[in-house]
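Okay, so chain A shows up in both of these, paired with chain B first and chain C after.
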Partner chain A sequence: MILLFVPLVLFAHIVGLKELVQTLFPLLVHKRIVKVYTSPSFFPLFDDNSTFVLVEECNQSDLVFGDINCSKPIFGLSYRFFSTHPNVIGAFYYRKGRPQLVIKMKSYEKYFGHLDPSLQRYAQ
Partner chain B sequence: MNRIKFQYIFFAFAIFLGATIFLLYHNFLETEKYIQKLILQEDLRELRQTTDNIKRHLLRIIPPHIDFYTYLQTHPDVYKDIQKDLELFIIDKYKFIYLLEPVDKDRFRFLVDTSRNDRASFGELYTPLEPQEYHTLSPHYFFHKELKNIWLTYINPVVEHGKIKALIVIDFSLEQAHLIEKSLKTLENFLSGLILFLSGLIAIMVLFAYFDYKRERKMVQAYEKLEKLNKELEHRVEEKIKELRKKDAIILNQSKLAAMGEMINMIAHQWRQPLNAISVSAINMQIEANMGLSNPQSIEENAKMIQQQAQLMSRVIDDFMDYARPEKKKERFDVKEMVEEVLKMIEPQLKNHNISIVLDLAHDLYIESYKKDLEHVLLNLLSNARDALDECGKEPKKIIIKAYKEKDRIKIEVKDNGCGIPKHIQERIFEPYFTTKEQGKGTGLGLYMSRKIVREKLKGDLFFESFDTGTTFIIEL
Partner chain C sequence: MRILFLILLACSLFAQNISEILYSIEVKNDLSQKTKEENGGISYIFTRLDMDALQIRSLHDILRLTPLTEKFNRYGLFDPYNPDSLIPFLSTYIKIYLDDHELGGVLYGSGLAILGDLDLGFVDHVEVYTQAPSLEVSTEPSVIIIKLYTKRAERDGGTSLYAQKESKNSSLLSLSFGKVFTSNSLYIYGARQKKGFAHPLGLDRDFRRSHALFSLYTKDQEFLFYGSSHHRGGFIGPSLDAKPNDSQIHTKFIHLHYLKKFRRFFFKTTFENMINKTHFSESPILTYINRQPLSDFATHSHSFQATFDLSYKYENARHALLMGAKYKYKHQKFDYIKIDHETLPPGKGPNNQKIYQLYAQESFYLTPNSVFNAGIAIDFVKNESNIDDYWIRLYRLGHTYVKDNWTFKSNYAHIEYHIDPYLMNSFFVTQPDLPSTKIDNVFEDIKYSLDTNQQLELVGGYLRGRNYLFPNRESKLYTVDHALSTLYFSFQYDWSYRPFSKLRTLFSYEKIDNIPMIGSYKFSQCTLSHYHPFENFLFFEEFFVSKFDHSAIRSDMNVGAKYHLLSNLDFSFRIDNLFDNTYNYPFRRIDPLTFRPLPTLRVPYSGRRAMVCMEWTF
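And then the complex of A and B:
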């Protein structure tokens, strides 16, 4: 029962996140197809070939997904990483059980220029 | 009828039981709602008190007219103290206790967060799912429907001059309330099941009672019908008995007449000899007178003879009168003597028919019974034996009369050496008006009346054994 339950929960979490990255990343990067570098555990989020291209090297990517140290713009998954790493342009995490989406304007503008108006409300 | 009344009581009881169960269930549901409401009220009261305490504490520490964010930013020691103080309030029920400050319409920032896990940093921006709920000037709570109601968020604002300075927020766990609710739900389910089961049971019982009532109604109707039929039958039986009694009276009368005829016949036989003797004496007297031979001595002898014969005839009359007299009381008598008395009446007639009598009568065979009735039966059996022997035509004709005791019962047998009773009529010989004799000779009532007398008055039995070699009638007393 537990063995069945855990993958289902994980899967449900991934489905929500998948929708988010599919909508959010092209808007952030201003590209129709985004080159993403991430850890293998997040590969299923980027299996849509019409939107994402998974790259093997961090430096080849348009955006790094996850709390990964890289010189390219990073979309983090925790507030701590978001607030400490200079290359983080935004993050998605849960606070008090509520999903939080934040975009660090200073870093973002450094990499991508202006932010899409629909994302202004998440900017810091 | 009592059973039908019982069913009415049963129906009433079933309705009463059903109503009681319904009221019980309704009362339980109301109580369940009340308990849930009470628990929530209690929790809210507790949350209000806790947040009010925190509010008082904050207002004591932080000076007025300074916003919390600026003050805590410039006084890290105060920030730490507040955080430690708020940590004291943490219990299992309070999942998160934190202070927020509104930034804009949708966003807030953390001032203090006491959460053990998932602790936010000072000034961290925060976007709740329901931001509109946080813009309140008075204590407020809401459930997290999107989080399946596992939390209740309680907000108590710290307001100064109509402006929210901070929001004391507690994410209150509803786990305990859910546990109670779950227990109540289990109890409710059990009660529902029980009610369903009892309702089914009552329904079955009512159905059973209804069918039983219908069956009982049918039975009562059938019983009434049967009772009516029984009354009709009783009436018909009474009518039939009356008719039979009338018939019996006629038969008895006819039997008496037949017996009388038989008696006259016997008397005639008995009288024939003395009448002859009287006639002879009278003729002698006439001849002697005509011839001038009469003398006083011969007249006297003839007169004596006539007198003797007349006395004999008179005795015969007495005997038959005695026989014919109705008997009301039992008497103790010797069976042998009784048989001999009967023979005295019928023997001349039997001799006239060349029938010899053999007697095998036990001595001192006494019985207490109706003597005349027994004589009547015996006489009838002897008459029948006589007629049977005449009809059969076998020679020599013989009647054996036996009387003996067997296992406390006295038996009197009348056995003839005739041709026996044909098998096809053996079953009918005791029926009234059944006779094999030629018309005018037999009434068919002799054996019928004899058995009736033996069975009903003498409390015995009359039966027969018949073979080709003759018939034996047995009176058992």
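And then the complex of A and C:
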């Protein structure tokens, strides 16, 4: 299921990523508690029980985190996955040495409708 | 509904912080934080964001923002310590490192000579250490270390195309590719660079460079290859009246390094090879080297350097120990030297040199906020020529104390230099056996953090050098009997006043006394650099003021902006030396028939130039 395992391992050590997903995901999904499906290497990012519930099947999730093939909305971790997979609604990746956050409006609106105005600057 | 509204409101309030969180990720994961050596000495760090925002694309752009100068010599090479002599290069005190391996020292002992105007498209961040850095930074005898850290596929994955078009017939085209597979990181870079300059008196120092880099990193191993071929106009060359007929320098250079980590041991090896071909001519018979009449001068030389370094690092709560052994082999040979198309009889060469080095450094924590540092390196220099073998030593004592917002660094260093093989038996020395230069340096560095975004730094120091190699009136190196002394201080203020915005000011002053034939020399400069975003633009401004000895104060500025059109497409423009008022470096001229002085030639490094760039990642 995991198409690209390597980027997941590399991104697991990024300082501040936990804070980003804690702030960003409730905004994206419009829910206070978000059901997330991801690979074990990312479990520590979602250990805050007041914001996240980790699910065992991708179909049970509100959002899939990582470059993982699934029919649910996916938040990707590479530009290639972001630009090729139809279910990707957004991604965090490094481009030209600097962190990037992007949201794909076409896919996002299909799953979640309106994007929070504060995230408009990241929309594509 | 009310609860849902409150949740959404709370989420919106949090959302204001998304850009700040992203900025914090950028700062906290900045690779320069991992390579920066706090106890290493005085450092000037240029992060990836700094390089991106200030559009730093060549090593020259970095030199201007540090207390160094962009001074170049009569051959058009960066050479800040050359007092306008015919010696090809005199700045061996400045070393360049690529991922902690010495780069380009194969011929002149410093990569600055051939790489001073290097395109930095493959570099992630740069650290400049001044005033005798610690053995952790380098075990080479040096006063200034410029460390370049290459890009990695983890952060620069995919393919990137960069095109730059400049005024003065200059351009740069580069292509890079990065890919992570299993746990390995592969990065490839290739570029063609062309740079043109004004041609006063028809003097040509334009250059064309093609270069490529290949790197492969695994968890515990690193392999890197760098190769370049450049062809440059040799500027004035050895001409006394600065009117050469032809002046050309061709260089082919290869650098290869490998690193293996196993537990606390590090094995590093570096190989470098350089082929250098020069040609200078003048007509009629009016070119002079050492005042010997000649009209045509051509050389072909090759140089090789191999370094093997095994080090051991141990660190616990109270100690940090570094110790190791290094072996360096240097070889230089002139394949031919032709004067007026006649090949000179073979000299004493080839010139081989073997350097055996042992080094150790101990950092001892007196208290958790006070660390004492002592280092020693001893080199045995074995010359396989008619030159005697000798020992050189390097000592370093330092203390760093941190209290609340204050940091105090006190340092003493003693450095001795060896003579590079290309100078042995050459016509650039008065005697084959020149004693080694010895430098003693003390400095105090005081830092104060006003808050997490503002920092002040004051540095003051004194440097005393004995046995300095200096060119005499015939441009032959001799050892200066008396000591040269340098007094220096600098003041820096950094302010990151909001995300992606930074103001940096640096004032530096240097006074050198007892320079032969010159006496004393003063140099002061102030640089101000600032970058800030607006919508999809990232603007920058740099302002420079400099005063060289008795010359008038000069000031100039660079401005530019980057437009972020798409997440993978940027356009940028830049104007350097907007007022065309940078310092004009003086080059003495002598009438070769009468030996009377001619009007001094004054040339700026670059002058005003404009450039537009495009970067597309796919």
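Note that in this section the second predicted complex is superposed on the first by the 109 of 124 C-alpha atoms of A that agree within 3 Å, B and C clash if a C-alpha of one lies under 4 Å from a C-alpha of the other, contacts with A are read in each partner's own complex, and residues count from 1 in each chain.
Simple rule for what comes next: contacts are C-beta pairs under 8 Å (C-beta built on N, C-alpha and C of every residue); 3 or more make two chains touch, one makes a residue touch a chain.
All figures in this text were calculated on a predicted structure; none of them were measured in a lab.
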{"item": "Fit-or-clash call for chain B and chain C when the two complexes are aligned on chain A", "value": "clash"}
{"item": "Residues of chain A touched, compared between chain B and chain C (which is higher)", "value": "C"}
{"item": "Touching partner for A:116 - first (chain B), second (chain C), both, neither", "value": "second"}
{"item": "Partner chain in contact with A:71 - chain B first, chain C second, else both or neither", "value": "neither"}
{"item": "Partner chain in contact with A:20 - chain B first, chain C second, else both or neither", "value": "second"}
{"item": "Which of chain B and chain C A:84 touches, first, second, both or neither", "value": "neither"}
{"item": "Partner chain(s) touched by A:30 [first = chain B, second = chain C, both, neither]", "value": "second"}
{"item": "Partner chain in contact with A:60 - chain B first, chain C second, else both or neither", "value": "neither"}
{"item": "Which superposed partner A:41 touches (first chain B, second chain C, both, neither)", "value": "neither"}
{"item": "Superposed model, chain C segment overlapping chain B, candidates 3-11, 57-65 or 309-317", "value": "57-65"}
{"item": "Those residues of chain A which chain B touches in one complex and chain C touches in the other", "value": "79, 94-102, 121-122, 124"}
{"item": "Footprint of chain A on chain B - complex, ascending", "value": "96, 98, 106, 115, 118, 120-121, 124-129, 144, 147, 151, 171"}
{"item": "Contact set on chain A toward chain B in their complex", "value": "79, 83, 94-102, 121-122, 124"}
{"item": "Complex interface listing, chain A residues touching chain C", "value": "6-7, 9-10, 14-17, 19-20, 23-24, 26-27, 30, 32, 78-80, 94-102, 116-119, 121-122, 124"}
{"item": "Contact set on chain C toward chain A in their complex", "value": "7-8, 11-12, 14-19, 21-22, 24-26, 28-29, 48-49, 52, 124, 151, 154-158, 160, 180-183, 567-568, 615, 617"}
